[in-house]
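Both complexes below contain subunit A, partnered by subunit B and then by subunit C.
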Partner chain A sequence: MESNEIESLRRSLVASFRKRDSRESSQKVALQVINYLRKVVLQEKFESLHQLIQSLHRNGRVLSAVEPNELIIINIVLMVSKLARDEAQATKGPGSLTPYDSLYTLWREIGSNEKSFNIKKIKKDLIQSIKEIITEVETSRDSIASQASELINSQDVVLVYSLKNSPTLDGFLASARRTRKYRVYNVVKSTEIDDSPDFATPIQHCDVGNKMCETTKVVLSGAAVFPDGSCLVPAGGLTIALTAQRHSVPVFVLAAFYKITPFFIPDPSALNTSCRADIPFDLANKLSGKVELIQPAFDILPSQLISLFVSNSSSLIPAHVNRLKEDYYHPQDISEF
Partner chain B sequence: MSPKPDAAKSFCDLLESESNKSTGLAAIETLHDVLNHCNATTAAELENNLVSVVRAMEKTDYSSTSIRSATDLFRRFISLAPAELLDQADFSQVLEFYRKRGINFIDRVSRSRALISKYARPFFRNNMNILTHSYSKVVLEAICDAHSAGISIHVWVTESQPDASGRRMHERLTSCGINSTLVLDSCVGYLMERIQMVLVGAEGVMETGGIINKIGTLNVAIFVKEYPLNQADIPQEFKYRTSVIENKDLALEHPEVDYTPPQYINLLITDLGILPPAAVGEELIKLYI
Partner chain C sequence: MAPPVVKKSVKKEETPLTAVLIADIFDQRFTPVLRQNESISLLPICNVPVVDFALSWLLRTEIEDILLVSSQRTAESLKDVEKNWKPFFQTFSVIGCEGARSVGDCLREIHNRELLKGDFLLISNPATVTSSTLVREISNFRKRRAENVDNMMTLVYAASENRDKSVVGIQRETGKLLLYHAANNVRQLEVDKDHFYNDVDIRRDLLDCGLAFCTRLVATQFSDNFDFQQRDDVVREILSKEDILGLNIHVDVLNSNEAALSATDYDSFLTLSIMLVERWFYPITPDKAISTNRRTFFPHVPIMFTSKRLRRRLDVYHRKLFPTAQNSTNSTIGETTSIGDNTLISRCIIGVGCKIGADCVIEDAVIGDNVVIPDGVVLKYEVLIGNDVKIPESEERPPLTAVCSTAVDEDEFEKIVSRPSPKFDVHYWSLRNGKSFWRNGARLKSSEGSDNDDECNDSDLEESDAFSTGINDSTKQFYEEVLESMERILSMETQLMQNLILEINSSRLACNVSMDDAARNVFAAFLVLPGNDQLAQLLKLVLKWKPLFLNYYKSTEEQLAAKAPSQRKIEIELKRKCQIQMLLAVEDKYDRERAEFGPKVPKLVHFLYNDADVLDEEAILEWANTIAADSPLKNLMQPIVDWLQAEDDDDDDDE
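Entry: the complex of A and B
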């Protein structure tokens, strides 16, 4: 039933996931997935809203089965299917404002609201709103960077981590540099070759405790944000955040909207990806099967260690993430997926 | 017609005949029963009827927090009628409308425990040690569901004096085939290092996101704070409250419940979804706009 074109598209997408040797920037992943879903919506034939959403979910499940650790895939799929529901709601006219089960709506009758929609119109509108979301993803880095001058003051000493892997963080600092004069400590791992840019002073991970006394702000890049306000940061971020708490230094986490994950991960270890160990081939060959190298990619940062999330639309405190989640996801999608 | 004098009695009978029924649901059903037999001709008369029944129910031995918040919600929902309906001279039509609303509400509330159990499922993992305090039907159902889904867990139940309700919990769990150990209330601190999750029920959830539960819950929660682990609470949706209950003379009477502030609570697993404690206030604001 599925057209061959989609099949080959999916193959090339999966291949691009597999080919890369290190994790690609999350923005790129998000854009790839949205574009794939856009083509699915364009090419496939649907008779009802239900079918459309089922198809989106089916495609999403396949992708997330390929890359089970990439939460962004699931986020994007659920976001698009929420858009589809929104379009259907819009054609139906004004109805209930929020789809979330709330105390206020407990007395309502639960009937099926699967009325016959004009699926062609929904499809057209959906493509339009997918385009809007693509623009939103593309501009998210700039929108986060534009908030830098509000958060970083002159004479600040900012401590950052994993600057190399986060273009968002880089852009944020660059934007602040335009109007402010401040110092940057870049935490690097001892095994890495120091490639800090000129504006940053490299410090070792073990020196964080020492340098935290001088630091006035910590900025980390988030990989995923959970509804309770906790988040995933590159491994090593937890020790930095704990040190910051000890010295009462505020911790900012940069995370675009597509990193908000609508469900809880009760067992973070199941999700945590491992980095590939950087050891020479000869040695790897010798050690194969004899040792276990544990090198997790992420740390879970509990919400009480975070002062502020910097998202593309605004900065928010951890307790408000739950509210923002409701803007982007539909509860039925979350429970069905 | 004055409210049936035996409303409180029928409420108790309802709870005794169906031991699985939650206090809140029973209170709502009793109110609905009153509504069904009511032939009031004005809204004020109906309101008076309902209030007197609520008063009567509060005097029974069952948790007054649950009763009050459940009945508050019920009264709030049945009274949300469209204005043109209220303007009608014939009050029986309004009553009919209220009854329909009431049925919807009861239907929704009776499914809440199953929903909570569904939401709580991902939090159970194999070989987990779970600590629970006192007897809670919703916690029992969540644990039993997880067990029948094939997850092997060990539950540690505090005895929860003065009424030893933990003993009942322990018996129920054992009869379901779940590994369970009954421990002393004073043993919680000693036990904490091996526990991965604390799961307690809640009689009421306050506007702050804190919970009211069987005395001793606060002790458990404070111990958990010392050992940072995953605490999840399972309250039920219709227990939100805005006001603080007035206390009796505590010098004479042993307190039955205590209040656990929100900073000790990681997550509230409700049938509205999994909420961080801060989201409770927002839910309530939505209700009273």
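Entry: the complex of A and C
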């Protein structure tokens, strides 16, 4: 059923996931997955829209089984599947309906004629819109950075976290530096103080409380954004956000569109994203099975702590995330996947 | 296979390393939990075959070529592994070695087949996991290689105390290995005074993680020395012959926050399992080691019990599966296994499809697939249960045994004995040497070699009653080897004494036995040969094997003539001593079996003197004098002594 080429493509994709030393930037992961899906669409033969979507979902499931804690894979797969539906809709032209249209249009539904439309055309259009998505992902970092001058004012004191691991955050600050003069506090671990870039003053977690009095803005990088407006940030972000709330400092979360996850995950630990505790192996060897060190990779940030999401298209308040979600995902995909 | 063009471009920078992953532990202790011809590398840890972890971390290193080496018997079962992992590496091949019984055999085989192109990373155990990418270690190894071609090996240690408290001595500046613990006692070092001057760190805080970067010389060492079983043999050889060979071994210690562990027995497998569940090897984690074709879907995680909080965190998925096994900890449970109410499970690895009843207590256990455990069974302390076993409700498990559903194939696994349960359809397996399956003694490395040592010692203890006191180990070993050689020669059509003499001599050299002991034990062994309990048979064989005795107990005229006069006397004296030893061997046997052997002694001695012409008169007389006065043997020998003396007198008279 599946061609060998797809199989080998998938393997090389998985290999590249496995090979990386630490987690690569999410943009790269997103691009890899889109490119893979593009090739799937190109190489496989479909007879109906249903088949195409099934195939996309199947590939998505296999990939997410391999990398269970990479939400972006699912996001991208569902996005592409929504695009396929959109193209089908466009081919059918106005008058054809889906169960998710408004009641009024549903009432006027005459009956679907799925087989009548041309799957080849859908495929062609889909490839075109996948290419558009690729461009969108590629430029997302720049579009987020371009909003920096609107969000950061001169004489601001900005507190950031996990600057080292987030190129988006880095680009955002760099873009603001071009037009604005502001100070940056970079929250780091005690071992990483020397690695902090020149423009930022490194501080430790324990100093966040002190420095929050001076801070005027907190900027965090999000790992996933959920429909209810909450989001995942690197572990340690929650305490910073709570301190910021106490001092009434606005919290911005940078998240490109592909980080918006269509379903809500109440417990981030279900993702099994805990990493290794940063203690010597000797100690680990003695402690294993006796004590428990929880080292989650992410904190979940409830929506009331977030002032603004900075996405590539616009900045939006948490309540509007659900609205934005509808732009990218189709409800039927979410329920079926 | 990759096109050669790619390889060339790599070669320009650095010669690529190959990983030689030995897929077998060569320890029969693992037989109970494995299926027929199943490789140990498929033993699930956290429900993932253990070899997948090794390959997962290899994927993160720069190594592109993998040789997965196993014995021919288990190579078939590794087909799936090959299929899954081949696409991830440039080359990946499973190599089955006919009759391989140790790491040494495997390396000899791949060296003979010239599969090694250059330097390689030797992973002598499939259950080796590390969180390191070995970047620093590889570059160190290459640097040393560039400095000196004789820097042939780099051992990788983790910075952690080890279970066995084994010690090594390392030169502080260069990381050169100078002292390595002995084979039979890992806590012992032989240190010279020099070592204290030369900045040698004696370290006990290092854990051997089974990784060694080797040049091809190491493989050559293995094929040159056929008795080398494992890596440590080469290490010791190189250290002991450092002056002659001029080869060096270095030690690299991983960063203190990099984890590495190599499991060699059930105990360390459990430790490894717990550490993997607790993600100490991050980013090598159970959920990431799952290969592509296994369909476990988001958000499924391997089912694990860890401590209370972690369990709650993982509960999303398996609360509905195990609602009542609440206090269980530190265990991994296979899919489709069911657990009854109020059952307590801790420190366990349980396979798939098991049915565990209610109110059970299971601790420290490794349990195979499809095992049925009825309600209320208590299994504690080093429990080992094979596949498809139905645990009997009312029968106590004998200590130090493994419970299996079938009898052991004793031809293939000669170290294990099994006996069926009288009432139930289960078999209890135990090790022939009476030891526990659970741990391989105080040694970190398990191997054929060390097991053999164990067994020698054990069987010696059993047979010690067959010996008079005061004989040390090497003599016993010599005796056994001689007996074995004799039995073999006896069973052959053409009984070539020349071969037997050759074998006995080599045994004597190998065991380092004195000539006296050799003389005594050769005859003692001869006396217990099958058939020799009949006097007539014995006498016949003495005549038949006369060349053997002449070689050890008598000097021929020609031999004497060939020697210098001063030597001649020593030679005669020596042979006389040997003859006395021979008679002492007879006496030993008499002491053990007085009733049966007693009457035969005079006849045997007389025969040896008269017909076989092996014994000399002086020797017999001297020996007869040493017999204790109250021994009945004295009386038995009296006629011969009298007769000999009479003859002696006659001779004198003649003169």
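In this text, the second predicted complex is superposed on the first by the 295 of 337 C-alpha atoms of A that agree within 3 Å, B and C clash if a C-alpha of one lies under 4 Å from a C-alpha of the other, contacts with A are read in each partner's own complex, and residues count from 1 in each chain.
The rule we apply is simple: contacts are C-beta pairs under 8 Å (C-beta built on N, C-alpha and C of every residue); 3 or more make two chains touch, one makes a residue touch a chain.
Please read these numbers as outputs of a predicted model, since none were measured by experiment.
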Practice prompt. Please work out whether A:D198 is in contact with subunit B alone, subunit C alone, both, or neither, and reply first, second, both or neither.
Written response: neither
Discussion item. With both complexes overlaid on chain A, does A:D282 touch subunit B (first), subunit C (second), both or neither?
Written reply: second
Practice prompt. Considering only the touch criterion stated at the top, classify A:E47 as touching first (subunit B), second (subunit C), both, or neither.
Written response: neither
Fill in: Residues of subunit A touched, compared between subunit B and subunit C (which is higher)
C
Worksheet item: Thinking of the overlay built on chain A, is A:N69 touched by subunit B (first), by subunit C (second), by both, or by neither?
Response: second
Item to complete: Could you look at A:P331 and tell me whether it touches subunit B, subunit C, both or neither (first, second, both, neither)?
Response: first
Discussion item. Contacts for A:N322 in the overlay, against subunit B (first) and subunit C (second): which applies, first, second, both or neither?
Written reply: first
Fill in: Partner chain in contact with A:G229 - subunit B first, subunit C second, else both or neither
first
Practice prompt. Pick out the shared contact residues on subunit A: the ones touching subunit B in one complex and subunit C in the other.
Written response: 267
Fill in: subunit B-facing residues of subunit A, complex
100-104, 106-110, 227-229, 264, 266-267, 302-303, 319, 322-323, 331
Worksheet item: Which residues of subunit C touch subunit A in their complex?
Response: 56, 59-60, 87-88, 131, 133, 158-161, 205, 207, 254, 256-261, 271, 274-275, 278-283, 285, 287-288, 290, 292, 294-301, 306-307, 309-310, 313-314, 316-317, 329-330, 347
Worksheet item: What residues on subunit A touch subunit C, complex-wise?
Response: 8, 10-12, 14-15, 18-22, 61-62, 64-69, 74, 265, 267, 269-272, 274-282, 284-286, 288-289, 291-295
Worksheet item: How about subunit B: which of its residues touch subunit A in the complex?
Response: 73, 77-78, 80, 101, 104-105, 108-109, 122-123, 125, 228, 230, 237-238, 240, 266-267, 271-276, 278-279, 282-284, 286-287
